[in-house]
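As structure tokens, here come the structures.
Look for subunit A in each of the two complexes below; its partner is subunit B in the first and subunit C in the second.
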Partner chain A sequence: MDKSEYKKIIKSKKPKEDEFKNIIISFFVGGLCGIFGQALTDIFNKCFHFSINDSYMLTMVSLVLIGSVLTGLGFFDKVVSFCKCGLIVPTTGFAHAMTSAAMDTRNEGLVKGIGANIFKLTGSIILYGIVVAFFVSLIKVIIG
Partner chain B sequence: MIYINAFVFCGLVCLLGQIILERTKLTPGHLNTILVVIGCVLAGCGLYNKFILWAGAGATVPITNFGSLLVSGALQGYYSEGFIGLLKGLLVNASAGLSATIIISFVVAIIFKSKN
Partner chain C sequence: MKNIKFNNVYINNYFTLVSSKANNPTILNDVDLSIEDYFLNKKTFEEGEVEYQTLVTRGLLDKEHKKLEDIDLMIGGDLQNQLFASNYNASKYEVPFLGVFSACASFIEGIIIGASLIGRNKLRNALVVTSSNNLVSEKQFRFPVEYGALRKKVNSFSASGAVSAIISNKKSNIMVESANIGKVIDMGHTDTNDMGACMAPAVAETLYDHLKSTGRNINYYDVILTGDLGIYGVEYLKEYLNKKYKIKSNRIIDAGVMLYNATKDSDFAGGSGPICAPLILFTKIIKKYKKILVLGSGSLHSCMSSNLKKSMIGVSHAVSLEVID
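Right after this comes the complex of A and B.
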């Protein structure tokens, strides 16, 4: 059996994931995350009288807290396998990536395990965020 | 009304992410990096603040907001202190989210045990 035949058989036996269904689910879950964030922002802004920017910041921190604790309890992967990108794109996904990297390596010690690996998955987000943000602002400042 | 805008905007960003994941071989790590870079560029064009005004938390919940916070911090630094402010201000606005994520992740990793 040559390789192309083999690939064909693999393709026909693979369970087909419904692409359209996944896209619709992630749209709705992501939208609900947005509504939840807006509700939290309104609570922080109107009930606790934080400024609007602080409310956005506190909403972000709350979502990080939710994502991290769900990861710690082991629920996050199960929820994501259903919700797909609806929970990866909001800040919960960022928190999940960092927390799971830290949890997987905690047995190797505080310095060589958690310390060395906590940025394993999120490092690229922080690195490219900072580098691109610096050059974008520099270009904007120079252009005017 | 802002709730509908938040639903639509945040949903569209997630939908875009899901399409990227389905059509290419990129991992969620690649996806989040791409979205942060897109957020930086949109903030550099001055568009992201308009999105936040239009969609409220719908625009601040996705990871693209991280890039926007970095750029807005750097620009605020520049307007108050000149070129040195670009470096001094880069992380100012994003600091809260980043610090909170690091601290919470560390504490959670210490408290909970991984099942694998």
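Right after this comes the complex of A and C.
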């Protein structure tokens, strides 16, 4: 039996994931997350009189903080496995990935454990975020 | 491939431990010890797994009324990097030790090596031990434990616990009849979620080699126990056997599926880990069947091999057991 024939066997027997259900759940959970973020921004902006740019930044920081604390308390993983990408794509997912990696390696020491591993999952987001930001700024400078 | 025939090699006794009740293992009432603890008073679950092995090693010695100096050889295997659990467990006793790695077929490999040495009268006995810890496997092979990564239906759930067995030439009711050492099979499969798919061809090839080298029909065996193919892996195996070798059998049981009673409605395909096959073998199979073929199945991928985009390779070793009244 060659490899392509075996691939056909796997394809015919492999279970279908319930993608439609996952998309619907993610859509609504992600949307709720967005509404919550918007509410936070409005609160910072209207009630505490921060500028709108500062409010966006504070919202981001608050969501990361909430995500990290929930991960630390140990039940965010269960929520995530139900909510799928609804909580992974927003910035809460960034916080969650960072905190869970740190928790996993805390017994391996502060430097070789947490220090080296905290950005294990999120390092690429930071790196390529900066790279993309650089090129976008470059384009802006060139165009004017 | 050559069949290794053993004379007068027996499994004298065994000790089984399940250390997590997550997903309701079906054998909680049949094991020697069942606990709910990933750490066993240690700071990390990596060290917890070492303690699992210590529990089953000491437990087996007590059960068999043997002292450490009576043991000629210890063989250990697990999934942690460079056999962390087995090596550190072995460091607690002054007993000659061999570490073996065939991923989830390590226990079967241990039995084959032990039986070969005993059968040639080189040793009196050998103690084979293996373990796995769900959290260790999650951290090492998948995502951080608290991350709760999204899982697919083909994903398996790593079982937690440990198993030890002592084999010798002293007669008992489980005879190690013969064995076949498997080849490493590469079918170009790359999805690390679906480990059953990389192990199924290896199991099929070893099964075929065994039947061919012994001249037996598949129905010679009352049951064929595979390690941890999962519910879909068994389907791939049956289809592969049927298409390539025209072998059909409804006596194939998968230990991983049986351990968690996995069905197609479950969120996962079954249990995985080197303890699946021996756990089910010692708690369920030997009580029910006489002629047993155990096919340990191991996926030999690592984080490095998957980062390098290498295909997943599998191996499977077969041991034929006979339960004597």
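Throughout what follows, the second predicted complex is superposed on the first by the 124 of 144 C-alpha atoms of A that agree within 3 Å, B and C clash if a C-alpha of one lies under 4 Å from a C-alpha of the other, contacts with A are read in each partner's own complex, and residues count from 1 in each chain.
The definition used in the following text is that a residue touches a chain if its C-beta (ideal position, glycine included) is under 8 Å from a C-beta of that chain, and two chains touch if they have at least 3 such contacts.
A quick note: this is a predicted structure, and the numbers were derived from the prediction, not measured.
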item: Touching partner for A:D104 - first (subunit B), second (subunit C), both, neither; value: both
item: Which superposed partner A:G34 touches (first subunit B, second subunit C, both, neither); value: first
item: Partner chain in contact with A:F48 - subunit B first, subunit C second, else both or neither; value: neither
item: First (subunit B), second (subunit C), both or neither touched by A:I23; value: first
item: Contacts of A:K84 with subunit B and subunit C, given as first, second, both or neither; value: both
item: Partner chain(s) touched by A:G74 [first = subunit B, second = subunit C, both, neither]; value: both
item: Touched subunit A residues, subunit B compared with subunit C; value: B
item: Which superposed partner A:G129 touches (first subunit B, second subunit C, both, neither); value: first
item: Residues on subunit A lying within both footprints (that of subunit B and that of subunit C); value: 71, 74, 84-85, 88, 97, 99, 103-104, 107, 121
item: Subunit B partner contacts - residues on subunit A that touch it in the complex; value: 19, 22-23, 26-35, 37-41, 56-57, 59-61, 63-65, 68-69, 71-74, 84-86, 88-91, 93-95, 97-99, 102-104, 106-107, 114, 118, 121-122, 124-126, 128-130, 132-134, 136-141
item: Subunit A-touching residues of subunit C, taken from the complex the two chains share; value: 43-44, 139, 143-154, 187-189, 194, 197, 201, 232, 235-236, 239-240, 243-244, 264
item: Partner subunit C, residues of subunit A touching it in the complex; value: 1, 3, 5-7, 9-10, 12-15, 17, 71, 74, 76-81, 84-85, 88, 96-97, 99-101, 103-104, 107, 120-121
item: Touching residues on subunit B, where the partner in the complex is subunit A; value: 2-3, 6-15, 17-19, 21-22, 28-29, 31-33, 35-37, 40-41, 43-44, 52, 55-58, 60-63, 65-67, 70-71, 74-75, 78, 83, 86-87, 90-91, 94, 96-98, 100-102, 104-106, 108-116
